[in-house]
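In the two complexes that follow, subunit A is the common piece, with subunit B as its partner first and subunit C second.
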Partner chain A sequence: MQLVAVLMDGIIYSSWLFLAAVGLTLIYGVMKIVNVTHGSFYALGAYAAASLAGAWIAKGYPPMLSYAVLVGAALLVTVVAAPLLERGLLRFMYAKDEVVIMLATYALFLVLEDVIKLIWGVDPYFIAEPYGMMGSFEVGGLTYPTYNLVIVGAALAAAAGIAWVLQKTRVGRLLITVIHDPEVSRAMGVNVDRFFLVTFTCGSALAALAGALTAPTVSVVPGLGVDIIVLSFAVVVIGGLGSLPGAALGAVIVGTVRSVSVHYAPQFELFIIYAVMAAVLAFRPRGLFSAPEARKI
Partner chain B sequence: MLRMKALAASLAAAAALVSGVVQAQEPIKVGIVTFLSGPAAGPFGVPARNAAEIMVELLNGEKVPAPYGKKGFGGTPLQMVLIDEAGSTTTQVTEFRNLVQRSNVDLVIGYISSGNCLAIAPVAEELKKLTNFFDCGTPRIFEEASYKYVFRTSPTSTMDSVGAALYLKETKPNLKVVAGLNQNYAWGQDSWGDWERSMQQLFPGVKTATSQMPKLFAGQFGAEISALLTSGADVVHTSFWGGDLEAFILQAAPRGLLKKSTAVLTTGETAMFKLAAQIPDGTVIGARGPFGPFAPDTALNKWFSSTFKDRYNVPPNYAAYQMAQAIMGVKLAWEKAQDAKGGQKPTNEEVAAALENMTWEGPGGIVRMSLGKGHQAVMETAYGQTKVVKGQMTVTNVRRFPAERLNPPDGMKSSDWIANGFKAK
Partner chain C sequence: MSGGRVGLVAGIACAAAVVAGPFLPPWALFLVTIALGKGLVVLGLMLFLRAGLVSFGQALFYCLGAYAGGGIGRFFGISDIFLVLAAGGLVGGLVGWLLGFLLARYRAIFFGLLSLAMSMILYGVLVKNEALGSTDGFNVLHSTFLGWRPSNEWVRYATLLVALGTCAAAALLVERLLRTPLGRLLPALKDNEIRVEYMGASARRAIHVIYVVAAVLAGIGGALVGATVGHIDPEMAFWTMSGEFIFIAILAGTGSVLAPFLGAIVFGAIHTVAFDLSPNTWQMSLGIALLLVIVFLPEGVWSLFTRRRGA
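== the complex of A and B ==
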């Protein structure tokens, strides 16, 4: 029974982690920005989802449509905030060093934390209904809310969707050229600025979606975006910054290792994720899936 | 010459008078430190800030019932200097120094985090500034050091842990297996350690199936809940608070954990009304003392709870009670010291001497400064079980335990006292 529980918990946690982290790796892969506002979008998504879906249910509208409200809230908040940040600030910094841009996003993260506090205050928000409405299922004698499968499904859909866009569409191929060399792409007539805007918005939308889908399972409180940025960073560093398969593998490794630790050696749980990260970086300093980088002269 | 002397004497007297008037009008600056942002703000920090605002405003307006009827502290109005407790321990030490050395506060009342209290105590002593911790729980503060200027007017986490174990002894005497879920820092570790040791004393042979210690604010507890479900524990102990407590309840309830095992939520009072739909009947709830639903039926409690509810539309939780009783305790000590000094403003040393070993009544009942050489409070405590009646969350089967059964004698460490079968060495 315990082995089944380890497997199930690992799958659910890995899926949640991937969903939370994939936007970070997408933005880094295209724009070479370690985007600390990723945590802000996660929190904004959670707050918007808890507020709007909570109001939806309180007004007596069909509860099953609250799932659509969760997703809609995440998209709404991203469409408003992400272009504003990218066009309003980040685009002026692309010529700067990566570290400077990261510090700018960190500053924005701090500002957004206060904006969130200004809008929603410090009291917790709950939207528990979507978590329980789908019922539950049993595996190995343990009950799991069916909602967990929504998280797993969303993670799989995100991975498949990004892979399909990158590999099968014209836009994706153009994006790969931008990833490879923005300057040459620009010289060839690619609108790199638009790709940056769309990528930043999509990456932020993934973070907001993760927050929105997490909201029914947690108490939405100030500071929600702080811990997720650390975890997401651990995941994408293990896999290799900017690598989609790397983020997936990183999430699976972290999720599985944490699940094994919780069940068999809970005293190591706090330390195990970062021990794995340290071990990976010791042998592969640029992560498991990082491609060798050509030296530019 | 005589005229000159008379003039000088008159001027000196006038100057003294003016100085006295100015001194009497100058408010007493009270540094209040509590979480105004971050995850601890909603459940503790803001209710405590609200209690401080009410107390300062009503004390200044002479609207608090006896024996707190005198304006401010000893007739001098209070001025609150509010600081956010959020941020690192290093930040808090810096903020404390700013409060004392730049804002020139007369005293400090604050701190919810046990980590912050452990860091601030030696700095308060170094700066010789009267500092009263109103909420943090770790017993280590006065068990590992002694202080002249530092006090804590709320009980330690030992009381919560021993009280929870005594409650189970009375209500579930046949339990065999226990498990725990606590945050991996001073509060969680101390709470779990004291509770597990108490259970071993009260239930010889009891088995600990698992002790889960996730990171503070982890938020996702699916794997921990699975581990607790497979552990077969009769009772699951948690000292989780704030968002972690609420997330645990939200995630554990649909998986049946809170019905399969009896959950002991030592700080559950802060979540019980918000999550009434998720918490099953029979869950053991604590409030870190005789606060909230466990507060005594006294005139002072009725005044405090109704005043708070009228102002903020919610009943005060334990953090609000602890802030109110912290201010009340310091007020009485200040006035005692001031009376002994013939009405003059007392020094920090004189207030500290008055607060040592003092006993007073707060909204939560009698507070006695009987541990830590008179610097650490003890109170009775109470636990009960949840029951939803006509859609309203209530507590039933309430048991009260006197302070003597919950705390070690002065000078003895809590862990040693518990390990010695709750007896003095």
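== the complex of A and C ==
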């Protein structure tokens, strides 16, 4: 019986992790930026969703549409903030070292933490209606909130959507050339700057979406983005930075390991995630799905 | 800056603090001592930066040092500041030596991320460990100095003097290390590691050595901060702590072994003033300061001095 619980929790947690982390690997794959502001967008999404959906329900509008408000809020806040950061600041950093760009995003993360506090204050936001409204379902005698299926569905949709865009559309094929070699792509007439802008916005939107969908299940408080960053790092590093199948595998590994640990050895819950990350890096220094890199002499 | 000048500047700074210390308010002594402790950690990071490496997990050794220093008080009743610092350095160095075998094989972003994982492992262990106070941590014993137990008014001053002596010694030793063949190898590693290997030097060995040195420094720094604050908790191993150290390292620059201490004091000043003026936006001030340094002072605050001299 406990096995069913472990399996269910593993699936739910893995889906949530994938949704939270996939944007990070997308941005790294295309732009080679380890983007610390990922956590800020997660928090921005959560705050925007909690406040807008809260206002929506308080006004007495149809509560069934509050799910659309959650998603809309996440997209809205990203479309405003992400291009501003990319065009306004990050693009001037591209010539610098990978580590320096990461530090710049860390600086932006610090700034955004306080911007969030200035906009939304320091009091917690609760928006439980979308979570409670759906009721619950039973698996093997255990009750689960139906809302969890929304997270699983969103993760699957995100994975399928990204795979479809990359492999079946013209834009996706062009993006693969940019990933492979931005300079040659530019020489061939690809507008690399626009691809960077769109990738940064889409990657951040995924983080904001994860935040928005998580908002109904937690209390939205300052510092929300701090934990999600290292967790996302763990997921994408295990899979291999920049690899989409890697992010999926990393999410499944971390999700399963955590679920097993929570049920059988709760004192190792946090420790085990990073132990797995360290173990994977010890044997596959660039993660499980990673291409070998040419050495420069 | 030559070794002699480092000694001179460090000596003047120490003398100034010895004379001015008794007249300064306790909070100022406290801030400077904390800054010196963090400066020790950043001194180690500076060695990494010279070799082109960035560790996102130096809080691992900082926290280990603090727990080792606090632990000998908690479990054996030892409160002598010199033994506390030695315990911090020893445990930091030992763990650093062991981890170094693994970490010395990593470069660029992967070195940073693996060290991040290591520090988060320690965090994960500490928050669930009841014997060490889990998330609350525990209080550290009132420091004694070779059997002397100063009153509350004098303990800050005495700790500051010990901190100054430790930092001056550490700065001079690292300065000497940078002048050895191994120290000269670090910028070469940053430049082109494969050429270094062709010349017959071992990149892995050099990185292992600086890894241990940085771990010892961070361990001592952690023990010092723990003894000064009087309380330690697992947050000392959290990734935001490592972020703070990198912040100071970038702020300071790698121009001199004294730069990390200057950087830590500047950081402490920005932090204190920003927090005092606006408690809800101090992180923003820090973030903006970091961005400004990255864009306008890529060599750090220390370059303000060297640049003027060169002109």
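Here, the second predicted complex is superposed on the first by the 294 of 297 C-alpha atoms of A that agree within 3 Å, B and C clash if a C-alpha of one lies under 4 Å from a C-alpha of the other, contacts with A are read in each partner's own complex, and residues count from 1 in each chain.
Just so it is clear, contacts are C-beta pairs under 8 Å (C-beta built on N, C-alpha and C of every residue); 3 or more make two chains touch, one makes a residue touch a chain.
As the structure is a computational prediction, the values presented were derived from the model and not from experiment.
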| item | value |
| --- | --- |
| Clash or fit (per the criteria above) of subunit B with subunit C on subunit A | clash |
| Partner chain(s) touched by A:L26 [first = subunit B, second = subunit C, both, neither] | neither |
| Touching partner for A:K117 - first (subunit B), second (subunit C), both, neither | both |
| First, second, both or neither for A:V192, with subunit B first and subunit C second | neither |
| Touched partner set for A:Q267, first subunit B, second subunit C, both or neither | both |
| Partner chain(s) touched by A:L249 [first = subunit B, second = subunit C, both, neither] | neither |
| Touched partner set for A:A155, first subunit B, second subunit C, both or neither | neither |
| Contacts of A:F109 with subunit B and subunit C, given as first, second, both or neither | second |
| Touching partner for A:Y131 - first (subunit B), second (subunit C), both, neither | first |
| Doubly contacted subunit A residues - partners subunit C and subunit B | 113-114, 117, 122, 226, 267, 269-270 |
| Interface residues, subunit B side, partner subunit A - complex | 36-39, 41-43, 45-46, 184, 210-215, 217-220, 222-224, 226-227, 229-230, 242-243, 246-247, 250-251, 254-256, 274-275, 277-278 |
| Contacting residues of subunit A [partner subunit B, same complex] | 1-2, 5-6, 8-10, 12-13, 16, 113-114, 117, 122-124, 126, 128, 131-132, 136, 142-145, 148, 214, 216-219, 221-224, 226-227, 258-259, 262-263, 266-267, 269-270 |
| Sites on subunit C touched by subunit A in the complex | 54, 102, 105-106, 108-110, 112-114, 116-118, 120-121, 123-125, 127-128, 192, 194-195, 239-240, 243, 246-247, 250, 280-284, 286-288, 290-291, 294-295, 298 |
| Contact set on subunit A toward subunit C in their complex | 34, 89, 92-93, 96, 98-100, 102-104, 106-115, 117-118, 122, 226, 229-230, 233-234, 237, 241, 267-275, 277-278, 281-282, 285-286, 295-297 |
